[in-house]
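One chain, chain A, links the two complexes that follow: it is found with chain B in the first and with chain C in the second.
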Partner chain A sequence: MARVTLDTVNKIYPSRHGPVHAVQDLDITIEDGEFVAVLGPSGCGKTSTLRMIVGLETITGGTIRFDDRPVNELTPEQRNVAMAFETYALYPNFTIAENLGFPLEVRGVDRKAREAEVLRVARLLRIEDILGHKPAHLSGGQQQRVSLGRALIRDPAVFILDEVMSHLDAHLKLQMLFELKRIHQSMGKTMVYVTHDQMEALALADRVAVMSNARLQQFGTRDELYHAPANRFVADFIGEPPTNFFDAEVTETAGEIALAVPGTDLAFTTSPARVAALRNRGGKRAIVGIRPQNLFITPLDDAGSVTATVALNEYLGEQSILTFDDKGVSFRALAPPDADAKTGATVAVRYRPADVMVFDTDTEALVA
Partner chain B sequence: MTAANVKLVKTLVLAFLAIWLVFTGFPLFFMIVTSLKPVEEINRMVPTFWPETMRPQNYAGIFADPGSLKSLVDSLIVSSANTVLSLFLGTLAGYALARWVRGVVGENLAFFILSNRMFPPVAILIPMFFLFDATPWGTDSYVSLIVLYLVFNMPLATWLMMVFFRDAPRELEEAAYLDGYSPFRAFFKVTLPLVFPGMISVAMLCWIFAWNEYLFANLLTGTTVKTFPVHIPTFTLGSQTLWNLVMAFSLVAMLPPVILFIVLRRYMVRGLSLGVVKG
Partner chain C sequence: MSVDQLPLPAAALDDAGRAAAGPYPDWFSKRRRGRSLIVNPLVPAVMVGLPVLVIIAIVIYPTVWMFYHAFHDTNMMSLFTRNWQAVGWDNFALVLSSDRFADSVLHLLRYLLFGACLQVLLGTALAQILYEVVQSNALRIVLLIVMVLPMMLPPSIVGVLWKFLLQADNGAFNHLLIKLGMLAPTDRIEWLDADLALWSLIIADVWQWTALPLLIVYSGRVSLPPAIYEAARVDGASRWLVLRRITLPMLKEIIAIAFIIRFMDAYKFVDKVYVMTAGGPAQRSELPVFIAFQKGIREFQVGEAAAYAIIIFVVAAILITLFLQYLKRVLKAQGIA
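This part shows the complex of A and B:
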């Protein structure tokens, strides 16, 4: 049981082409028993962060604490963490059962108890039929589950799971996500789950740490990430399809602030709080962000609206994705499949001012 | 490719193999034939390609000289001891180079070690003689040859083991650390079994080099210690070389490596295809 604190943690790898700053000034506090996902594009430093937490990589700068105890100098064993590796790291000359039982065997658990545990975990991960096989004969998805099982069989202070579902098919992934959530709830252990798939992160985690370019972009709950993204990157990365962004000019007519997209007829208004923040900030330009889910072609109360031409109507079963075009600026909206929006039609697109996010043009940080 | 082309390629490949077989097979054949001839038959102007009189007694004859058996035993001692040492040092050094000495230094150090193999051995022949002459055990001893062959075998063993260790995923050791293994235990229990087939291949290469080495053995040793390549030219009668005995003895000396290869072939093939068990 442990609260994990990262205090301005840095990782710099020396390399042939000069130092690589893989993790920069990372500050995160993971509460005891919390399920935290670390989300970010490939190469942003997720694995490096995990490896520093478990003690497989030296910490170039900063402190990592378990509860209040600095662990920088402790070995992985002393930190008592369990980890599932991105590359599975199954022992090739052991059978699956031996792989799963290995952590227990090292700890001197007797044979009977070990076998019972192996069977329990194997059932949980639906791999009980391959216990006698060697890893080389398994599919990627099966190996991945064995690797997850070898971590879950232990009783550590912290679980660290690195991309443990990337090779599972969609159906199995959903089942496993559900199982993992249940395992977490029944054990109440601190879990850190790394992924580049926002669906997994949002489905599992109490809080999500979004990383990009070696830096933490935002650490918050699903709602915070979705409704108040700290910057343009988070707004872009979280949500599917991605957020529409417009480079806009801040215009003021008769005391009303509007965000007009130059060269088009598009102009958005935003919430009073953001208007106040914009006034405070000053400046002529801003980036407008609005999610496709928050654009409607059906009538909507107290809404603003813009007019645009439907350039494409993609029917995706339960929803359609409409792509609009207004004088060369395109954006997308989600609509019900029966929406009356034929290609070429000009329609009113409505939005709530509260859903219009505004970012600084230079820093890309959220304005209010 | 059309069917005709496939046939043509097949024919060409077979033709090439046939020629190749003649080139490699004939010397062996002639060795065997010569080893079965009586002395009178070996120096004819027009050689016979099949013995007119069979003399399998040649094989017993070579061992009439007690030096023959001793030379094989000497070779066995030198090459085996050298192989064990090369493999031990090469495995440790290779592991260190693969895992711990990284970056620019590591690459250059590894290459420097291997570059010892590119040095023409003759260049150090005479210095080596004086060098070993100055040691307490002198030139004509097991120790001198065992140590000297390290110059050639250890770089090879180090380099190859380094390559094998690089192919053995590091995460396996790391997983073992997390599960509570010490670095030592993880090395012996997790990593070493992975590179074991590679070690067998390296051992074979080292052993065969030391088994067949002639140049240095001839210069340094010859009285107390005499390896079989040095013993071979001693089958003479006056000024005449007894080719039948030379061939018989050479064939006998070929047996140990051939048997070793057949027994360990399984591992050698796996040693060369190491690192396929990956994610």
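This part shows the complex of A and C:
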């Protein structure tokens, strides 16, 4: 069991085309027993971060601590971490059972106990029918579960799981997410889970660290990420479909601050707290962000709404995604499938001022 | 743009501006079509016929000749007078029942066991050390080159070299032992004499050929995926366990192939024997191939030499068949064939 602290951690890879700064000034504290997801687009430095925590990669700058002990110089074995690799890294000459049992074999667990454990983990991951096979003969999803199982069979201080569900079908993924959550709850071990799928991250994690371009963008609970994204990137990355953004002008009429989108009829008001923050900040321009989930179609002539023309109505079964077009500015809203919004119709769209997020035009940080 | 509108490469246009067949040199594009060399039907016949004749002359005819004389009492005299008698399987019986042959087979086994096996074992160990222990890439390359150098020398030269080194009276090897105090200054080790002769051959051969299995196993080790070694580190496996459970099992086919290659070479080992000991003393370092050579080329006991050759050939054919079957299984297991 361990609390994992990353203190201004940096990773710079030397390469033929010059140094690659893969992780930059990362500050994260993962509490003991916490389930943390690291979420970010491909190439943002997630795997590099994990490899430094595990001890497979030297730390270029900064300190990693397990509880209060710096582990920079310790081997993976001394750190006592279990890792499931993004590339599976299964032992090709072993059967699946041997692969799963290898961490126990290393620890001198006798054959009987080992087999029982292997069977337990295999059942959990639904791979008990392929225990006698060699890895080369398995599908990507099967290999991935074996790799996950080889980590879960251990009893380490920290579990490090690198994109362990990326090759599973949606149905299986849901089952595995559930199993993983249950394992975490019953073992109470610190888990770090890397993914670029926000659904996985939000479903599993107590807190999510969002990374982009080698930097931490925000580290918080799902609510914090959703309702108070630290910057435009997080607002864009979290939530599906992505947030609508508008370049807006800050206008003040009769003491009321509004955010008008130039060249259109669109104008938004925001919550009193944000209005105050906007006043504080000053400046003429801002970026308005509003999630498609927070836009509702209402009858025309409804006060506090904006009007827009439906350019596209995508029917997705439980919901429709409406794409509006207002004089060249397009944005999207979610609507019930029976909403009366044919392509070309003009409708009123309503929002709650509290859902209108405002970002600084230059820094793209949340104005709050 | 359609295909024939694509610009042609510059060389595709000859002097007259006509498109030639392709970017060929001038003389080729300008050769007269239809009136080239291939106009005479004799040309293909000669071009195929000559090599066939050569093969008949240097492979098929001698082989047939050998099989023929294996069943005759051909020797220098009868070869000269061209009157040899059929003797059935006598030559084979003679060879198989002779102590000389039996001894040479024992020598060969000893040579294979301690020569070829030692080379493969040493080569594997060195490859592992080179990969795991030596950290600097530059040093690795230098070491590889140094170890591979002996392989570039002709085996007969290596034989001469080691014959010098192992001279009893003023050879460098004895001198070194004396300097190191491992040998009394008045003592001599007769490296090329009596029981030691075969061992000296083995030493010289190991010196020359250990680098081959080393190279083969090293390249095999390099191609193992690094990720599984990271997984093993995270799993906490010791170096020894990793070597025993992962590296060696994954390299075993490659090691076997290195052994097969060394085995095939060792089987026809004759050059160093010839140069260093000439099979002696008293035939104590003879190998079957060397006897065949002695009998045939030196003593002109052609019938007996042919029997030797055929026995050697048959055993080789059986072994090669087994090896090929093993290879096929390996390749199949790895999904290559």
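The rule is short, and it goes like this: the second predicted complex is superposed on the first by the 363 of 368 C-alpha atoms of A that agree within 3 Å, B and C clash if a C-alpha of one lies under 4 Å from a C-alpha of the other, contacts with A are read in each partner's own complex, and residues count from 1 in each chain.
Everything below uses one rule, namely that contacts are C-beta pairs under 8 Å (C-beta built on N, C-alpha and C of every residue); 3 or more make two chains touch, one makes a residue touch a chain.
None of the values given here were measured: they were computed from a predicted structure.
**Q** Would chain B and chain C fit next to each other on chain A once aligned, or clash?
**A** With chain A aligned, chain B runs into chain C, so clash.
**Q** Per the contact definition in the header, classify A:Thr87: touching chain B only (first), chain C only (second), both, or neither.
**A** Both partners, chain B and chain C.
**Q** Of the two partner chains, chain B (first) and chain C (second), which one does A:Leu56 touch, if any: first, second, both, or neither?
**A** both
**Q** Pick one for A:Gln143: touches chain B only (first), chain C only (second), both, or neither.
**A** In the superposed model, A:Gln143 contacts chain B only, not chain C.
**Q** With the two complexes superposed on chain A, say which partner A:Leu174 touches: chain B (first), chain C (second), both, or neither.
**A** Neither partner.
**Q** Would you check which partner chain A:Ser15 touches, where first means chain B only, second means chain C only, and both and neither mean what they say?
**A** A:Ser15: touches chain B, not chain C.
**Q** In the superposed arrangement, does A:Ala258 touch chain B (first), chain C (second), both or neither?
**A** In the superposition, A:Ala258 contacts neither chain B nor chain C.
**Q** Of the listed segments of chain C (5-13, 23-31, 41-49 or 149-157), which one clashes with chain B in the superposed model?
**A** With chain A aligned, chain C clashes with chain B through residues 149-157.
**Q** Taking the stated contact definition, name every residue in chain A that is touched by chain B in one complex and by chain C in the other, in rising order.
**A** 54, 56, 75-77, 81-83, 85, 87-89, 91-93, 102-103, 106-107, 136, 150, 154
**Q** Along chain C, where are the residues that touch chain A in the complex?
**A** That would be residues 225, 227-228, 230-238, 241, 245-246, 249-250, 335 of chain C.
**Q** Mind listing the chain A positions that touch chain C in their complex?
**A** That would be residues 54, 56, 75-77, 81-83, 85, 87-93, 102-103, 105-107, 136, 150, 154 of chain A.
**Q** If you look only at chain A, which of its residues touch chain B in the complex?
**A** Per the stated touch rule, the residues are 14-16, 54, 56, 75-77, 81-83, 85-89, 91-93, 102-103, 106-107, 135-136, 140, 143, 150, 154.
**Q** State the interface residues of chain B toward chain A in the complex, per the touch definition above.
**A** So the residues of chain B in touch with chain A come to 103-104, 169, 171-172, 174-175, 177-181, 190, 193-194, 276-279.
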